[in-house]
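For clarity, chains are labelled A, B and C in written order, and residue numbers in each chain start from 1.
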Amino acid sequence: MSASVQATLKAEAKDLNFYYGDFKALKGISIPVHDKKITALIGPSGCGKSTFLRCFNRMHDLYPGNRYEGEITLNPDNVNILSPKVDPIEVRMRISMVFQKPNPFPKSIFENVAYGLRVRGINKRSVLEEKVEVALQNAALWNEVKDRLHDLAFNLSGGQQQRLCIARALAIDPEIMLFDEPTSALDPIATASIEELMDELKDRFTILIVTHNMQQAARVSDFTAFMYLGEVVEYNDTKKIFTNPDKQQTEDYITGRFG
Amino acid sequence: MQQSVAEIRRLIARHKFWDYAFAIVGMICLMVGILVLLSLFADLARTGAPRLTPAFFTSFPSRMAEEAGILSAWVGSVLVMVVTACAAVPLGVAAAIYLEEYAPKNWMTAIIEINVTNLAGVPSIVYGLLALGLFVYILGFGQSILSAGLTLALLILPVVIVATRESLRAVPGSIREAAYALGATRWQMVSDHVLPYSSAGIMTGIIMGLSRAIGETAPIITIGALTFIAFLPNSPISPEFPFVNAKWLMDPFTVMPIQMFNWTSRPEEEFQLNAAAAGVVLLAMTLAMNAVAIYLRYRIRKKIKW
Amino acid sequence: MNRTTKDTTLGIMECPTVSETNSRLSHKQGRIIKERVIETLLFLAALSSVATTFAIVFILVYESIPFFQHTTVLNFLTDTEWTPLFDEARYGIMPLVAGTLVTTGVALTVAIPMGTIIAIYLSEFAPHRVRETVKPFLELLGAVPTVVFGYFALVVVTPLLQKIYPDLPGFNMLSAGLVMGIMIIPYVSSVSEDAMRAVPMHLREGSYAMGATRFQTAVRVVVPSAFSGIAAAFILGISRAVGETMIVAVAAGMQPNLTWKATESAATISAFIVQVALGDLPHGSIGYQSIFAAGLTLMLMTLVFNIIGFWLKKRFREEY
C-alpha cells in the first residue's frame, strides 16, 4: 500500500472492527486518510463502506447495540476518536458529514447553514451572517439564494438542497468532511455540479467520500479504497486502482464483472 | 477558525449540562404523572376495600351506606354495553370498510373523513344533548337502556372507525391484488381476506371504544338516567319460547359511573367509601378491557410481519 | 367462499362447455346486484357519521330557539348573571364560560408543559425499553373514567390543597383544574410523542452530525419539525378540557359565578348541563331549553379551538 502522492496523514483507521449487535460488519480495516485530499470508498452495496464512513463521526453511537473495536486516530492531536472516553459530540464538531439524501432542517436557508454555529453557541448576528455567506459561497450556492436567505430550505431543488447541506457542513470549518453517496439521490446535472464543487473544495478540506459510482470515484478522488464484505480489499492511488489494480477482485469489480 | 480541542470540550461540557438537566426534568415529570396517579389509585383501593364484599355486588343501592351495593349499576352497565356494541360495531366497521376499500376519491369521501375526525373531538356531554332531543323525545325511546346504548354507540363510533381503518390499511395491497386475480369481487376480497386478516386489530379498536363507553357518565346523566334504582330491568332471557325478549330495552336503568357519581356527591362520609369501592370496580373494568386491547395490539405487531 | 371453490374446480377439471360457461356467467347478474347492495349499505354506514353531525347541530339549534325567545343573543352574551331557573331569571352565559375557561386554563398549565416534556423525554431521551413500557401505561391512564378523577379531585386533592390554603372552599376550580390537567397529560404526551417519532431519522442524524447534543437536536430540530402534530396534541388537550364534565361537576361546584379566580367555586357550561339534567327535566321547560343553549355555546367553543388547530396544521404542515 504505497502512495505515490506525497501527503501528510490526517487520520488513520487501525485494525478497525465494527459490530451491529452480533453481526461483524467491518473486519480489520486499516487505511490512512491524507490531509487535503479526497479519499473514495467504493464497493458493492452492503460491503460496509457507509458503515465505515459513519465510524468517523461516531454516528453509530446513536443506536443501541453497536460496538467498535480498534482505532481511528485523528491528527494533529493523535486522539483515538473511537475511544469511549472521547465524546462523540467532540468528534462530530471536528468532522462533519453530508448525507445520501439531502436533509435540510425545516428552517430557513440561513438558519440551516447557521445551525452548526448556533450549536457551538455562536449567536452573534454579524458573525453568523459573515460565516453563512462564506459557506454558501464555498458551496457555490450563494448567487442562487442570496436574495432569499429567509425562505424555507424545502423550497430549493434537490441539487440545491444538497449544496445547502454541504454549506451547512462547511460552515463549521471541519477538519474532515464525510460524504455518504452525496449524489445518489440527484439527477445528472445536479451531480455534475456537486462533483465540480468537491473538486474546488479538495485543496482546502480533507474529504472522505462513499460512492457507488466508480466513474465518480475515478473523477474526483486522489486515493481509493475498494471494500468487499466488510474488508478493504485494496487501497491505493486512485489512478493505480483504476488502471492497474493489484488484486483480481478489484479488477473484476472495476470492470463490472460483479457488484 | 478551527476551535481548539480544549475549547470544544469546554463547550460540550456546558451543553451537556442541559442534556442531563432535561433528562432529569423529563424523568421527574413522568414520575410525577405516574406516581400521582398510582398513589391516587392506591388511596382509592385502600378506602374502598372494606366495602368490596360479595354483598356489595348483589345488593341494590340503599339509604344505609353499609347495605348499599352496585347490583343494579353493573347489570345496567352490562346491558347498555350490549346495546352499544350491537349498534357501534356493525356501523363502525361497515363505515370503515367503505372508507378504506370502496370510497372513491371525491368531495363526499373527503367530507365523511373530516367529519369522523371532528366527531372524535365533540365533547361527550354534547352527545348527551343530542340523545336527549333525538332518542328520548323525538324518537320516543324515553329514558331507557336503548337510548343510553345508542348514545354511547354514537360516541364511540369514531373510535371504532379509526381503529378499523388502521387495521384494514395494514393489510398489504398485494393480498387484495391476489384475491382480485383469482376473480373475486370486491366484497369477496374484503370478506374472505381483508376482514379476517385484520380482525384482531378491529377487535382491539372495539374493546378500546367499549372501555371508553363504560366509563362515560355525562351523556347518560343528560338523557336522564336515574341515580337511585332499586330494581333490575326485565330479564333479556325468558323461560318460554323464544327465550329472549326485548322489554329490557325500554326499562329505566342506572350504570356504574352514575352510581359512583351519586355516592361521591353525597355529603355523608360513609357514602364516600361506597364511591371509592364503586370506583375500584369501575377502574378494574376499564383497565382490564384496555389491558386486553393493548396486549392484543402488541401481539399483532409482534406476530404479523407482512 | 363456495363460489370461488366451484370456479376453481371447474377450471382445473376440464375446459368448460359453452352451456357451463353461460351458467357461470348467469351468476354475474346476481353478483353485480349483490355487490351493489353491499356497497350501498356500507356507504350508508359511512354516511351515518355525517348524519350524526347534522343531528347534533340540528338538535342544538332547534332546541335552543325557544330559549332565545326568553332573551336576546346580545343579552345572552353580555349579561353577567346566569340564573335561568330562578323566578327573576337572568340569561348571561358569561359566568359559565368564565368557569369553563378558568378550569381549562388551570388544566392546561399543568398538562401542556408536563405533557410536552414527557413527550420529548420519551421520544428523544428515554432508552427504548423505558419507552416501550411507559407508552402502554400512559394509554391506560388515558382510559380512566373521568368520574373517578372527579372523586380524586373532591376527596383527595381538595383536602390536600386546603392544608396549604386553609381558605380554599370545598368546591373549587383549582383542584378540579389540576386533576383535569393530570387527566389530559396522557393525551398531550401520547399525540405529541407520535408526532416527534414521525420526524424522520435523517433529520436527527443531520443535527447530530453537526455536533448537536440531544437537547439541542430535540429543541431545535425535532420539535419544530413536529410542530403541527404537537399543536394538534395541544388542541386535543384543550378540547378535552373544555368539554370535560364529571371532574368539574363533582369538584368545582355547581354555582354559576363570574370570576377569574381559580380558588373560588364556579360552575362550568358542562357542569350546569349535568346539574339541570340531574333534576326533573320536563320537555319544553326553561331548564330543558337552557341546557341546549349552553350546549350550543360549548360546541361553538370547541369548534373555534378546532378551527385554530386546523389552521395551525395547514400552516405548519410537515414537509420532510
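The rule is simple: a contact is a pair of C-beta atoms (placed from the backbone, for glycine too) under 8 Å apart; a residue touches a chain by one contact, two chains touch by 3 or more.
Because the structure is predicted, anything quoted here is derived from the model rather than measured.
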Query raised in the report: Which contact partners do chain B and chain C have in common?
Result: A
**Report entry** Chain closest to the middle, measuring from C-alpha centroids that were averaged per chain
**Finding:** C
Requested in this report: Tally the contacting C-beta pairs at the A-C interface and at the A-B interface, and name the larger one.
Outcome: A-C
Query raised in the report: Taking each chain's centre as the mean of its CA atoms, which one is farthest from the centre of chain B?
Result: A
Report task. List the centre-to-centre spacing of chain B and chain C in whole Å, with centres computed as mean CA coordinates. Result -> 13
Query raised in the report: How far is the middle of chain A from the middle of chain C, if each middle is the mean of its Cα atoms, in Å?
Result: 48
Query - Centre-to-centre distance between chain B and chain A (centres being mean Cα positions), rounded to whole Å - result: 52
Report summary line: In chain B, the residues touching two or more other chains are 12, 15-16
**Report entry** Multi-partner residues of chain A (each touching 2 or more other chains)
**Finding:** 89-90, 93, 119-120
Query - chain C: positions in contact with at least two other chains - result: 213, 216
Query raised in the report: Which of the residues in chain B end up touching chain A in this complex?
Result: 1-3, 5, 8-9, 11-12, 14-16
Report summary line: In the complex, chain C touches chain B at residues 1, 3-4, 7-8, 31, 34-35, 38-39, 41-43, 45-50, 52-53, 55-56, 59-60, 62-63, 114, 117-118, 120-122, 125-126, 134, 136-141, 143-148, 150-152, 154-156, 182, 185-186, 213-216, 218, 236, 239, 242-246, 249-250, 270, 273-274, 277-278, 281, 283, 291-292, 295, 298-299, 302, 306
Report summary line: The answer for chain A against chain B in the complex is residues 77, 79, 87, 89-90, 93-94, 119-121, 173, 175
Query raised in the report: Any idea which chain B residues touch chain C in the complex?
Result: 12, 15-16, 18-19, 22-23, 25-27, 29-30, 32-34, 36-37, 40, 43-44, 47, 90-92, 94-95, 97-99, 102-103, 111-112, 115-116, 118-119, 121-130, 132-134, 137, 154, 157-158, 161, 182-188, 192, 208, 211-212, 214-218, 221-224, 227, 257, 260-261, 264-265, 272, 275-276, 279, 282-283, 286-287, 289-291, 294, 298
Report task. Name, in rising order, each residue of chain C that touches chain A in their complex. Result -> 127-128, 200, 202-213, 216, 220-221, 224-225, 318-320
